[in-house]
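Two complexes, one shared chain (chain A), two partners (chain B, chain C).
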Partner chain A sequence: MLEGFGAIVRKDLRLEVRSGESTVALVSLSLLILVVMVLAFGPGGARRAEVAAGALWIALIFAGTLGASRALMAERESGCIRGLLLSPVEPATIYAAKLAVALIFMAEAGVAVLVMLVLFFNLEFGGGLLRLIPVFLLGALGLSALCTLLATVSGRVRAGGMLLPVLVVPLFTPALIAGSKASAALLAGQSLGAVATWLKLLCAFDVLFVTAGYLLFEHVILED
Partner chain B sequence: MKGYLPVTLAAATCLSMLTALYMVFVYVPTEVDQGIVQRIFYFHLPCAWVTFLAFGMVAIAGGLYLWLGHKIWDDLGYAAAELGMLFCTLVLVTGSIWAKPIWGIWWTWDSRLTTTFILWLIYGGYLLLRSFADDTEEIARFAAVLGIVGVVDVPIIIISVRLWRTIHPAVLLTRQGEHGLEDPRMVATLLVSLGAFTIMFVWLLWVRLATLRLRSRVATLRRDLAVLEAGAHL
Partner chain C sequence: MTDAVLQAYRISKFFGDRPVLHGINFAARSGQAAVVVGRNGVGKSTLIRVFCGLARPSAGRLLLFGEEPFRLAAPQFRRLGVLLHQTLLYPNLSAQENLEFYGEIYGVAEPAAHAAQWLARIGLQRVAGEPVSALSRGMEQRLAIARAMLADPDLILLDEPFAALDPDGVQMLAALIKEALARQAAVVFTAHAPLEIEGVDLGLFRLDSDGLKPFKEENRRRAIRSLLRRH
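This part shows the complex of A and B:
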């Protein structure tokens, strides 16, 4: 199981290193979302931390939804998904590998977003920003779990690429609430202990959807 | 026997609904604080109950479809999702009509309202998927997974939204629940209304399921015909 997992992850990362497609798309889309947020709400002001936290999560949701589905859709477009399914790897292992790849892409874009966030909103590089990392990663994990499970909708349905966010975003709301509240508190200078409830909620969300995805993935990936 | 069931259900719906209407508009006393508008509650709560019943059924039918693979479970899930969406919309609409005179606003981001609205969005997505997609096995399996994931999400939505509102308290805390139903006639009306809506739900589900079964049958026949015609050409 671990062998297959490692092989798929290595393959996807090598593909990404050579083409750079997902990184460029994710980072430029996040950059645009942040610019739109700054232009719409203004960079300064008393509610700076809240707006910055909101911008972070909006960028995660929209760039992440598109980015996470890429890893799976590229396989379908090139017909490689058949090869993957024929290989002696369980569908659940394919799910775990694709989830890991999506998470790596999101984390990569997340680093870029955090740096841009500090510059755009005049925040401080420091403890508050470091404490944001676990919150962001937990959110990204939940989003990758959902997107990887539901990504097969694009390609199977007319306008499926548009439908994916429509399906994912409402399901993601609990993590969105927890994540943006926790991020705003951390950016305003509070400690991780103060947002423990939100972190627990994010963990519960992740456990729930990673498990659901792991168990249900074979039903959505198999073809007629 | 099978032919009588829809007629019986229709008659039962008609009778129970008329009784419920009589009780809501004539029998039950007017609530002292809220006045006449409180009567909408006897429709509002049954709609919410049917919504949860329907969405629960979507998940159960989805699970059975993935397990047993028979098309009837997929059709049941689809029918239940449509009805759930209808009653969920009714919950939001009747709630707003009640909220305007009582709270002074149509909508507030109170925990129950938000939860219902998120549910509405999730199942709206489900129905969008079904209306965009062709009626294939792949899509049926995908919809089953989506139905299950949607219901798995419900408890955590409720918890998160409640926490969200506790940290930022709502402007208006009064809910119909805190008033209680003091008069036994109110309880009776609510129970009859609940029963009437449940019977109506079963009846509508039956009708919708029968239509979807027919549709599946027509699709199968079309496919068989196409195969036969292709054979004749050879």
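This part shows the complex of A and C:
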């Protein structure tokens, strides 16, 4: 199982390093969203932490959707997903590898977003930002799990790329609320203990969608 | 019939209301080769996709290595080599990287060395570092054949493997099929017209709307003679 997992992840990262398509798209989209948010709400003000947290999660949700869909679309476009399905690799392992790749792309986008967030919203590099890391990782894991599963479904229909955000956003709403509330509190200087309830909600979301993806991937990826 | 690695019982396949395959009965046995002939659009590619378990039959029963494909344990797919109409190769990876990747997921020992050996066998060692997107169609077909046969599978299903191959490529593929039969693999492939491989006793089947029927010996000779005359 680990051989197949490692081989698929290495192959996807090699393809990304070679083309850079996802990285460029993710960073550009994140930048665009943050610029729009800054122009709409302004960089300062009393509610700076809340606006910055909202901008972070809006950028992540769209960049994450894009990253996860590209990892699967590339397999479908070249027909190579059939090569994987005909191989001795378990479909659940293929899902785990695609989830890992989506998470890596999302983490990459997250770092770019955080840097841009500090610059655009005049935030300070410090403890508040470091405390965002667990919140971000929990949110990114759930979003990657959800996007990977739904990208498998939407990839089977025409214009599936357009359909993906429509499917993802409503389902991700509980985690989105938890993530943005926790991020706003942390950026306002509160401790991780103060946002424990939101973190538990993010953990529950992750367990639910990672398990669902692991169990359902086999059924949604196979052809009729 | 314990040596049958693939058994199809009255397989039918519909796309919506449109029937594509109807009442297919077939068995592929170790050490035997069969070629399925049919006109364009008759369902040869669908037949291969159903036989390898990629597409689920609408009716009937299919057994791969004695199990229904959807119940077959993943490690058993190591015994299956499939060439589809699509090459299943990554255009942005090189020929060597593609074979290495498939070698890794098939659990081949020393995938890099194995890939290099296969590239030499199919005459592509000089383009080993080229991305697949830069290869000609014939070269891609050779590479796709190597990908399908990389792990020495027990059952080899090839969809129009001779398409796009030059005479050297045809010789190479014929040699690979003979090697596979010599190690008791079963080989099933499709073609537009009847053909022969020297030294191989090919079972010849015709696919049409009535199903999959063996060619009668007399018709088989006539079809091959007519094809040879045309070429």
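Throughout what follows, the second predicted complex is superposed on the first by the 221 of 224 C-alpha atoms of A that agree within 3 Å, B and C clash if a C-alpha of one lies under 4 Å from a C-alpha of the other, contacts with A are read in each partner's own complex, and residues count from 1 in each chain.
Note that in this section contacts are C-beta pairs under 8 Å (C-beta built on N, C-alpha and C of every residue); 3 or more make two chains touch, one makes a residue touch a chain.
In this text the structure is predicted, and so the values were computed from the model without any measurement.
Shared-chain residue A:V207: touches no atom of chain B or chain C. Looking at the shared chain after the overlay, A:R18 reaches chain C, while chain B stays out of its contact range.
In the superposition on chain A, A:V36 makes contact with neither chain B nor chain C.
Applying the stated contact rule after C-alpha superposition, one finds that A:E3 touches chain C and leaves chain B untouched.
When both complexes are overlaid on chain A, the residue A:A196 reaches neither chain B nor chain C.
Among chain B and chain C, the chain that touches a larger number of residues in chain A is B.
After overlaying the two complexes on the shared chain, residue contacts for A:L85 are found with chain C alone; chain B is out of touch.
Shared-chain residue A:L130: touches no atom of chain B or chain C.
For the contact definition in use here, the residues of chain A common to its chain B contact set and its chain C contact set are 222-224. Only residues 146, 149-150, 152-153, 156-160, 163, 166-167, 169-171, 173-175, 177-178, 181, 197-198, 201, 204-205, 208-209, 212, 216, 219-220, 222-224 of chain A touch chain B when the two sit together in their complex. The touching residues of chain C, when paired with chain A in their complex, are 49, 52-56, 70, 74-78, 80, 82, 84, 86-93, 97, 101-102, 104-107, 147. Across the interface of their complex, chain C is touched by residues 3-4, 6-8, 11, 14-15, 18-19, 78-80, 82-91, 222-224 of chain A. Residues of chain B that touch chain A in their complex: 66, 118, 121-122, 124-126, 128-129, 132-133, 136-139, 141-142, 144-146, 148-150, 152-153, 156-157, 159-161, 163-164, 167.
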